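Below are two complexes that have subunit A in common, paired first with subunit B and then with subunit C.
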Partner chain A sequence: MALPNKVLPGFSATLYCQPTATPTPLTTANLSVYASVSPIVITGNLIPVEAIPAFGQDDAVANFNVAGSRQSDKIPTQSAPTSMTITAAWNPADTNLLLIRGDAYSGTVDRTFVISASDGTGIVNYAFNGRVGQFTVDPNPTAEAKCTFTIHPRGNQYGWSNNA
Partner chain B sequence: MATQQNVNQYAKAIQAQLAGIITPVPVYANFNRNFATQNDFVTWQLRNVHQPVYTGNVQSVKGIDTPTFQMSVFSTTMENSFLTANTILQSLHGYSGLFGGATYGFQISKADVVWLYNGYDNEINLFNIFMDCTLYIPT
Partner chain C sequence: MKLSEAIELLTSTYQSLDAVALGLPVDAKEVADALAKADPDSAEYVALQALAKVNPYENTKKEKVKKDDDYNQE
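So, the complex of A and B:
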């Protein structure tokens, strides 16, 4: 078990959120501890999203140009975890979509989110603390209504973990 | 959380709804021997029952169901087949609400009817018109 040791289909990732309107997000250290993260990864906390967008860490670099030096230099800096714009099929009464909607309305709720990917036995979790900065509903008449929300992770507050 | 609805319920609802629209013209789920004795009748067949599936291993993460049923309108006269097809078109196209009557019905957001083509079958001596109807079923 441990980390899934296979190439996974993009399909295998699922998004979960911490429950309740006023959650206590995990500490930065615990975001990398599987035993702390895994209680969030339950069906009741599932967000019914269509597809998980790119997640992980943004690129960030500082450019230095020194007078008299022939070449400039690029130094990677501590970059932020990437913001995620996510689309979900919209059920207005879905408990977790209501939490997202509430977070967007507040703008100041810190919540732990977990993206969990599995090959059936091994599980890898990417956990981060974030705030919701957007909540829109797209009522395109050709398919189900969809809501789109953006989660902005707090700086440096993310971690990877896997089952043992 | 979008659950898959019972396709048996779809079938009963389609039968009930069509029978209600075009009564007294009989409605059948499949073609049968009635062409020999009946001047007008309609058959239907269900296909493309499908909810799009979304990411992750949880079964309920899906979109809405959009099944299609094809109606075949048969008649010994071309006018009657067109009149029956028109009755169905007027009643179903764009319809929103309870589909399938009080016993078997469920709410649909919209019914979308496409009148495909008409023709004549020389072997059974019947004019025919084929129509597709897609249901948008919130789940």
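So, the complex of A and C:
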């Protein structure tokens, strides 16, 4: 099996989190190792999110004006990994949502998260370490209760792996 | 620095592997040999890849050209 070699639908990606209230996140090297990441990708660690938001690297550039040149020059500068604001249906007894809520109250818990995408046979995992910075519950009476949380990935702590 | 020490450091760090590897003086040939033998789905392999990026190894030995291959043919 190899990397999924097709354009994947958005719903093929799922989010998993490392279990327990005091996890030891994977080291940078292990975030790129499928054998290290795949034990996290199990049903018990699934976070019941509605959709996986955009993830990756934020943009930041410095604009340089070069005398005599028609065009200026934009050079990418240091930027943060993209923060992920996620909405999930609020089940007060969901173990993983309770972990996320606990992380938000703490603000100092580093946890490994995995976004796993599959076309049925090939699996690609994007693993990263992050902290939860926000957790709110919206008990709107006109719809089911939702909770929203934001994961801030730690800089440089990410890795891609696949089941090839 | 011993290669095993460098690998241990890289597999246990939470920092950027490229940045850490820059500060680890190791033998490029040793890295290349170890990388060839390493399991691609292991933390050691990832660490060796980071080391190989900053310690590229080029085999400088060239095969002797046989003179009679292109010359002395009637």
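Just so we're on the same page, the second predicted complex is superposed on the first by the 153 of 164 C-alpha atoms of A that agree within 3 Å, B and C clash if a C-alpha of one lies under 4 Å from a C-alpha of the other, contacts with A are read in each partner's own complex, and residues count from 1 in each chain.
Criterion: a contact is a pair of C-beta atoms (placed from the backbone, for glycine too) under 8 Å apart; a residue touches a chain by one contact, two chains touch by 3 or more.
Since the model is a prediction, treat every value here as computed from it, not as a measurement.
Trainee: Counting only touches as set out at the top, which of subunit B and subunit C does A:Asp58 meet: first, second, both, neither?
Mentor: Neither partner.
Trainee: Between subunit B and subunit C, whom does A:Asp73 touch in the aligned arrangement: first, second, both, or neither?
Mentor: Neither subunit B nor subunit C is touched by A:Asp73.
Trainee: Is A:Asp138 touching the first partner subunit B, the second partner subunit C, both, or neither of them?
Mentor: neither
Trainee: So, A:Val49: does it touch subunit B (first), subunit C (second), both, or neither?
Mentor: In the superposed model, A:Val49 contacts subunit B only, not subunit C.
Trainee: Give one of first, second, both or neither to describe whether A:Ala13 is in contact with subunit B, with subunit C, with both, or with none.
Mentor: The answer is first: A:Ala13 touches subunit B but not subunit C.
Trainee: Let me test your reading of the model: by the given contact rule, A:Ser118 touches which partner, first (subunit B), second (subunit C), both or neither?
Mentor: So A:Ser118 only meets subunit B here.
Trainee: For subunit A, which residues count as touching subunit B in their complex?
Mentor: 10-15, 43, 46, 48-52, 89, 91, 94, 118, 143-144
Trainee: Per the contact definition, I'd like the list of subunit A residues that touch subunit C in the complex.
Mentor: Those in contact with subunit C are residues 25, 27-30, 32-36, 129, 154-157, 159, 161.
Trainee: In their complex, what parts of subunit B are in touch with subunit A?
Mentor: Touching subunit A from subunit B are residues 1-2, 52, 54-58, 60-64, 138.
Trainee: Which stretch or stretches of subunit C touch subunit A in the complex?
Mentor: So the residues of subunit C touching subunit A come out as 10-17, 19, 41-43, 45-47, 50.
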